[in-house]
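Each of the next two complexes has subunit A plus one other chain: subunit B in the first, subunit C in the second.
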Partner chain A sequence: MGDFFQLNDLVMQFGGLTAVKDFSIELQAGELVGLIGPNGAGKTTVFNMITGFLTPTSGQVRWQGEEITGFPVHKVTAQGIARTFQNIRLFTDLTVLENVMISFHQRIRTFFWEAMLGFPTYRREEKRIRESAMAFLQELGLAHLAKEKAGGLAYGQQRRLEIARALATRPKLLLLDEPAAGMNPQETNELAVLVRELRDKYALTIFLIEHDMKFVMGLCERIKVLDYGITIAEGTPAEIQSNQAVIKAYLGEPK
Partner chain B sequence: MSKERRNLLLNIMGILVLFVILYLFNEYGTDYQIRILNNMAVFITLAVSYNLVNGICGILHLGPNAFITIGAYTSALLTMSAAEKQMTYIIVPLVWPLNVLHTPFVVSLLLGGLMAAVFAFAISFPVFRVRGDYLAIVTLGFGEVIRVLANALQGVTNGPLGLKGLVPYTNLWWSWGVAVLTIIAITKLINSSYGRAMKSIREDEIAARAMGIDPFKHLLMAFLISAFFCGVAGGLLAHLITTISPTLFTFFLTFNLLIIIVVGGLGSTTGAVIGAALFAWGGEALRIVERPTDLGFLKIPGIPGMRMVIFSIILMLVIIFARRGIMGRSEFSWDWLLSKLGWKEKGF
Partner chain C sequence: MTGTILFQQLINGISLGSLYGLVAIGYTMVYGILRLINFAHGDLLMFAAYTAIYLIGIFTLPWQISFPLAMVITGLMGIVLDRCAYRPLRDAPRISLLISAIGASFLLENLAIVIIGGIPKGFPRPPMFDHVITILGVRVQVLTLYTPVITIVLLLGLLYIVYRTKVGKAMRAASKDFEATRLMGINLDRVIAITFFLGSFLAAAGGIMWAMKYPQVNPFMGVFPGLKAFIAAVLGGIGNIVGAVIGGFLLGLGEIMIVAFFPEVSQYKDAFAFVILILVLLFRPTGIMGEPMIDKT
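What follows is the complex of A and B.
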């Protein structure tokens, strides 16, 4: 068994509601895996358990051979797992560039008093952060918007900025929660190309949630399907498309 | 010349001009004018450091009066001579080692700031477990606790009698020197990666955590730095007023600071400076309304507290009609001023 990333029998209960039940998956480095399912199936809850926003009722999150279940969110990020949010969560009153620069803060080497006293050590680091952040914006075609307030961007651009920001934390595993939501077909196509490029360029492993079936089927190598918190299918896009349980979950029982 | 160097030069010139003006007031100004200027400087220090927590981190902290009290008492106890202390503490003698400690003014200010930061650290764990209204209530409670302690711990604070006859060390150089240093240090912090991290918590704490920011660490940092400067300002106030007692720094003071930073523009250091300056000046100018007035045909008795009514009305008007205050979240910049003055970029 590879020990890149594993979820073992994750369970999440909210009072009487079991949002996720016995969810297990293993990801190999470099894979591009999809997680689909109807609304309220528990997909985002899985992401929240991985990133530390929720502590699973039971089960384990294992990363690089170590258990990280229940780690504080910022420590999970420091371990190399980054995410985007389904309901975009940018720092709206800060500039596009600042949004990305924040992701570099976790690795800062100078101390706050060096910043307060205007030490050259701090100024050099600030310059380096600024330049690296610009490079990520370039990568995602947002460089020309660097000085704009993030809240003023068009919807598709905000989704891209979310990805740029996550990428700037230098993850090994990137979790994308409905990255194509609200995009038009052309933007969605561009996004699929971009996701594959980023995976190759940064040697990423990508785990993504998406409702756009064309996007998921075209992009993912492997797909897992959740319904009412229970895994009802997994396999290649072709297998999932012809799976009776999946069709039933999406279309309901044939009358 | 690069823009950076130009701005540095303009900053230095600005500070020089400020100190020339202060020199002129010091030589030729009336006591009244000098008192207003001292108050202005102390309130600028307080407002700028208070804004770091409330405006930049987006936390509703209602206890700066506690840190001002701690700084004021610490600093005062350190500058009083052993003989003075013996004469002052008539009911309960001052505990060792405070009864023998004696330091120069500048050391007492620094230790006042440090002591305030130590107390801030001590309460930080309960404070930052909660957010929003709960955090406001916890910090408000701490302010009250300190006031009660200042009353009760007679062996340290001399209780309700307070400390009298402090040497009026605080002059224009001290008060404005500290104000300028505070503005520089806090502005540099706000514009740094640490400041960005604080703003990201204000904007969206969940997203900030996901980007690797530890909220506790950064809120604590802002809280301690803010407490330090409030403590230093407390020391300045003590040696400006020369008499301190537990009733001097109540929630009332916190409320005034809140008015200052909201009217100035929450999250703007420039706004905090403008708000503090207006408040210190307005507070004196509006004394008229508390004085009995004789209009010949009509005699209006003085109404104590009338100024506060006016400030509260201003606060309400700002909140209803101009919620972002004078500056919003914008800052003063030379670029802006030069372009307003019609400066052509190619000049440099």
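What follows is the complex of A and C.
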């Protein structure tokens, strides 16, 4: 059972700087786990190593019993790992619908000459993709904006579109990088409800980075704390809140 | 200046401009995705022309087969170019890519000299294109009329691919954000290879028509059309496919009209294009249809 997802002693060095040191974690299917830490602690670096943007200096990424360390990004995605970005990175020139449809790319077998010639297989598949993409938009309350350019959406809508786009790759593990950043308290509450719903509906395992403590504490079942690339604490929200090392990392040494 | 002559020059300008446009598309597509001015692109005209000559001359294929085949082979050459000169530098600074592009251009030209020799070769123009017809009192070679038509057809096909197919969607996504594109499960190297194929395929069409228009093929024949097409791409707004073709038409018309109206400065015809380039870069760097390009990392 322990082989759903594991990170073993991940190390990431940039020149002389060690961004992440000996990071290990094991996720069980269906868990909702948080990764917190002060700015520059190496949280996003961990995500980058999982998704293949960075190849760890040492250590292992294991997925469903197999090692996927250093896989190219598109192969990691194909394995069923998706992510969103801290700074929203939608395809702003494409429509909302196209942004989601593009995620289906990896599972498409038709070639462009089939599209050019309007083969029936192509048209059927295109229709099927359009419908599934609309279903994801419906889910995130964006269906009415399908034809809009993604760049024209309001901030909160863009965040949700990024999640829809990630979901469309049919992940088993979803990595959310500061999903609540820039949201007001009400939006943040709605997001927490949504994240839980999505996990249940799509049988997801969620690993998220977030600065909003209320959000993390209310949502995550387990939390890991990074500071200067080193894991300083791990436990339930209640344990983390009372952990001296964490308080020190966030607030500094008491005078 | 009579109306007839004006009409004649208009046709010539559109014909020349459509050639610039065809070649400019390749510059603009590659720039859109890699933010690279592919200086070896012009040499693909030469590559296509020689390929067509040999397919006709050595393999004695009819032109109906050898021209499209030469276009496909040139498209594949574009992929080879990317694989050898650009892909190894994907994560390198932009300037390294540019230097590699210039190097690739010199390599292609000099390889052609070594392998084929520098003496110009005649291009076997199929008799079908030699035919001369008279429209509104103007005698026109049919090739001049076919050129813009072929350009428009190829442009429409390309726009279909870019805006209606999944590969096109992936290309548009890649021009925005590499990392997010790869996260969608898209093999970025494949998308870039297809981009090079399409751009080179169109450049080959331009090269073959260029060689029919000026039937002297030599290893440096691609240099000037390549530079002009690059200027056309900048004029139209680099990164914008329709802009590239419009830029091509404008540049071609402009060049021809300068010669027609001011015959005394006709030897400065080539300088005209570069003056345009400087003016565009000074006053409207985004070109006619361009939007400000985000600098991708």
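Just so it is clear, the second predicted complex is superposed on the first by the 254 of 255 C-alpha atoms of A that agree within 3 Å, B and C clash if a C-alpha of one lies under 4 Å from a C-alpha of the other, contacts with A are read in each partner's own complex, and residues count from 1 in each chain.
Please note the rule applied: a contact is a pair of C-beta atoms (placed from the backbone, for glycine too) under 8 Å apart; a residue touches a chain by one contact, two chains touch by 3 or more.
This one's a predicted model, so the numbers in the text were calculated from it and none came from an experiment.
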Three-chain arrangement built on subunit A, subunit B and subunit C clash or fit: clash
Quick check for you: in the superposed arrangement, does A:51 touch first (subunit B), second (subunit C), both or neither? both
Is A:93 touching the first partner subunit B, the second partner subunit C, both, or neither of them? both
Applying the document's definition of touch, where does A:135 land relative to subunit B and subunit C: first, second, both, or neither? neither
So, A:102: does it touch subunit B (first), subunit C (second), both, or neither? both
Mind sorting out which residues of subunit A both subunit B and subunit C touch, each in its own complex? 51, 53, 72-74, 77-78, 82-83, 85, 89-94, 98, 101-108, 112, 115-116, 165-166, 169
What part of subunit A is in contact with subunit C in the complex they form? 51-53, 72-74, 77-78, 82-83, 85, 89-94, 98, 101-108, 110-112, 115-116, 165-166, 169
Using the touch rule from the top, collect the residues of subunit A that touch subunit B in their complex. 51, 53, 72-74, 77-78, 82-83, 85, 89-94, 98, 101-108, 112, 115-118, 122, 125-126, 129, 165-166, 169
Sites on subunit C touched by subunit A in the complex: 157, 160-161, 164-170, 172-173, 176-177, 179-188, 194
Spell out the residues on subunit B that touch subunit A in their complex, using ranges where they run on. 185-186, 188-189, 192-197, 199-200, 203-204, 206-215, 221, 225, 329
